[in-house]
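So, here's a batch of structures to check.
Shared between the two complexes below is chain A, which pairs with chain B and chain C, respectively.
Entry: the complex of A and B
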């Protein structure tokens, strides 16, 4: 893991060399600001934060794919992946550094939204800071899970657009659509041994955000998101290794 | 330094490399030749651990390219055909980054980068964005990257492709210089380049190794005959007959002309017949304007071996024919 700092630094700084990243970050701020404004206008209470969290989780299904699409697809396309994997660095280091680089950029992208909390105080609200921090921890955990999924999908193609669309579809499904299906999966096979609605609810990202939105940092939820990150990184490493049997 | 045994690489449906076996000793400069699609890049990608062989063994510095790939990767410098680089990085920044990945210690990094920047002639562009460089400078950056950690083995896939003649010469000089310190495997389509730089040639055709040796021995080994060209003024038929009568002449073709007749001759490889030929012509009172031995070039050899219709080896002057014939195609090639 000795190359991890150098690789991560490269992955992180690469974002700042790309005009695309600034466009994405700006778009994100506009979107999140707008949604915050709308939510705040109506509620003006602690619920605003919780609703904001849910809404940002949704917005991230659109913006995270744009952040992760280039991670490996671009290198595959330009051929620099060949330089990267023939250097004495491990596939794990490559996957982890790319994950951390994208996470760093995304956290930086989210950071300005903390200003909104301050705005609440200016308009006379008294935000519950415990709830705010819990919400942000939840959001970062959720985003980390998103990124690892986006990273894996980016490793499967040389086309960034395809990577972005595919990632969006997967994230949107796992974050949002699954909620609707929880009730309709009762009839699946082995229904006597497997409680399908429970499984779906467990896989469903939103269900693990609830306690964060109530100001509770539940280790079970953190473990859940960390497992998704682990799975995404594992699949990415396998995908990088797959050149060995292609 | 390199040991390759029965190496096979199959892409979906295509056998790109087909049971290649060769080895390269420390200090050699090996030229890898073959037509487009022969399997040169594929072999180099396996040696540089980009992907593993479908079958067979490849070892670099005693380490297996599949099971000990990290050890191999530490010891090689590799420049792929397309010279992939990060366009958003600056030359020096990129070289420093790569030096770090390749394990050049922090203290030595700046020095190592300075050294390759000056040896590859990148001084003027060291702070430029790679994306703004011309093809030649990108090529040099790729080369600098490949040597920044002083690898034991350098694998260069067409290092001079796309360069202008001046740059080709510079890169060639650099390669020669590098060859004094490291083992080198380079592919190229410029045969003259291989003759100038390589100590040994590996010629592959359709994924198979078809020839290996020094440029001289390869050409010599495939030379089944000596070839001469003469221009004579005199009665064509009589000259033709007289030349044919010389012992050891095995082939002759005559391109008749009004004044100076051109003759292409072949003899057994053991004897040099030039003195004999001159004597015959002059002794008969005919005029001799030109007499030269036509040495087979690497290019002739290359064309001969990689000719797609493998059924017809040889080439050159055909067997003795009494009547004047058109010169055979390969014999008239550029000398």
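Entry: the complex of A and C
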């Protein structure tokens, strides 16, 4: 893992040379700004960040795929992946550096939204800062999970658009759609031993974001998101390795 | 010389590697599922909110720490019935959050589930009814069932919170002004956990409000639904004038609004009981006797303990008086302020009973009499404290019911006491300390007032808990959500829009443009 810092730096700085990154960041800030404005007007609550977290979770299902789509798919398409894998770096280092680079860029993209709290204080509101911090911890955990999924999908195809669409479909399902299915899975096999609605609710990303939005940091949610990150990275590494034997 | 090309992978070898990867994946999934399973059972939560909204108080944690491994599990089932205004939603959310804390802190000894009666599906509700052997006829919407083995308690969600409808915008749910859930849940769990219930003896024989009588001046709602069903006390009606005195097994004596004076033998027996470390709660009124007689003997007895109950009626000023609906002709009603129904102005925070009350606390007095203290009259070793005060604009008149206006020289000016406590050990008492509470009002908890939905039992309940040595329940703080509402003016609205939707994205564009120009110039 000695090459990890250098590789991560390369991945992170690469974003700043791409005009696409600024387009994504600008689009993200416009969408999140609009959500914040509408929520503040609608809820009339200085703790609008509580509800904004749910919105940002949804907005990230659109913007994170745009960040992750090129991670490996582009390198595969342009052939630079072969150069990278012949270099003396392991597949694990490649996967983790790309993950950390994307996470660093996304966190930087989210950072300006912290100024919403400052805007609230400027117009006389008193936000609960503990709640704000918990919300952002949750948002970063969620984003890390999203990126690991996006990274894996990007490693399975050479087409960026397909990678983005597939990632969006998966994220949208896990973040949003699963909630609707929780009640309708009672009839699945082994229903006497496995509480399927509970399992589906547990896998549902939104359910793990709920506590953060209230100002609570819960180890169960952190363990869950880290598990998703671990699984995503493992699958990415195996996907990279598979080019040797497929 | 070129390197030899790697030999092509045979189908068999590829299948072998794929199997290997599948096994690795299965192992990883097993580890992750195991990790999540363990973390769902052993977890920690940090409450970062400014008011520690989701944290349980020390007193509750102490109670949960006492719940043993060998005990039956505690089950809590909320039968939630949503309403069209969403008025119950915020309270339900808070209840779920706090129940989650109970589950966490009891290491799973307390389990809960929330069933939505109208939207949750009939199957789920019927399943819960079957599992918990619930008799459906005993339930009302928004009831919360607490169960341990075969013992159960029922509390309604409406007791968990206070709302302010007056400031709610049209069509919007009201604001939650106080959340009392922790205190109620803790006291109900405590009631379930105790092996032998605490016995409250309601005195009879002096035309007191009876726990057996329903409606009007009866005490059936407070005694049966609150004290017995919810708090887990055992209620008995007792005679104290006989040779036996206060019956054995009675943990505290409750005198609820007597209309006839006590006899000499009553007070003699009561004195013997209290001298030996007994506990008594007196709820008195401004109209003690229908024949115009006063509670001379009882009041003289209380004075011996340093508590002076007045033969007067408390008249409140317009600010403290409650607005009530008076039925008129043809089904109409008139909303007017009744100066004999009012909210006190101040509570003594140095006494445990009222330590958690602030001046906004919703407690109502109805047809009350003054209650003062005279420490000089109290026996040695007994300390007296006034618990509740009126404001300066309130007065007490002894000329009622004929005159209800202030008469100089005859009436007592506010502020003065409405409730008082005496505690300590008198000389020669080797047992527990004696505790007495006198509240200048019994009417506020009678069935008629519950019917008007203005009954607030907190003061009486805390007095009973203090008398019954259940101090840890009083120590649970009610939570008052901080008002963080924000109404934007037009200019502020424009400012928020400009900064959030234009200015911040512009930063990203400017940064990107700068980077592009820098690279171009290199």
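To be clear about the criterion, the second predicted complex is superposed on the first by the 244 of 246 C-alpha atoms of A that agree within 3 Å, B and C clash if a C-alpha of one lies under 4 Å from a C-alpha of the other, contacts with A are read in each partner's own complex, and residues count from 1 in each chain.
FYI, a contact is a pair of C-beta atoms (placed from the backbone, for glycine too) under 8 Å apart; a residue touches a chain by one contact, two chains touch by 3 or more.
Bear in mind that the values here come from a model prediction, so they are computed numbers and not experimental data.
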item: Partner chain in contact with A:17 - chain B first, chain C second, else both or neither; value: both
item: Chain B versus chain C as contact partner of A:83, first or second or both or neither; value: first
item: Chain B versus chain C as contact partner of A:66, first or second or both or neither; value: neither
item: Chain C versus chain B, contacts on chain A by residue; value: C
item: Touching partner for A:229 - first (chain B), second (chain C), both, neither; value: neither
item: Footprint overlap on chain A, comparing chain B with chain C; value: 17, 246
item: Complex contact set, residues of chain C against chain A; value: 9, 13-14, 17-18, 21, 24-25, 28-29, 32, 35-36, 39-40, 43-51, 53-54, 97, 121, 123, 482, 484-488, 492-493, 495-497, 499-502, 504-505, 507-509, 511-513, 515-516, 519
item: Of chain A, residues touching chain C in the complex; value: 16-17, 19, 21-23, 25-26, 29-30, 33-34, 36-37, 40-41, 44-47, 112-113, 115-116, 119-120, 122-131, 133-134, 183, 186, 202, 211, 214-220, 223-224, 227, 230-231, 234-235, 238, 241-242, 245-246
item: Residues of chain B that touch chain A when the two form their complex; value: 45, 48-52, 66, 70, 73-74, 76, 78, 80, 82, 84-89, 97-98, 100-103, 145
item: Chain B contact footprint on chain A (complex, rising order); value: 3, 6-7, 10, 14, 17-18, 78-83, 85-90, 243-244, 246
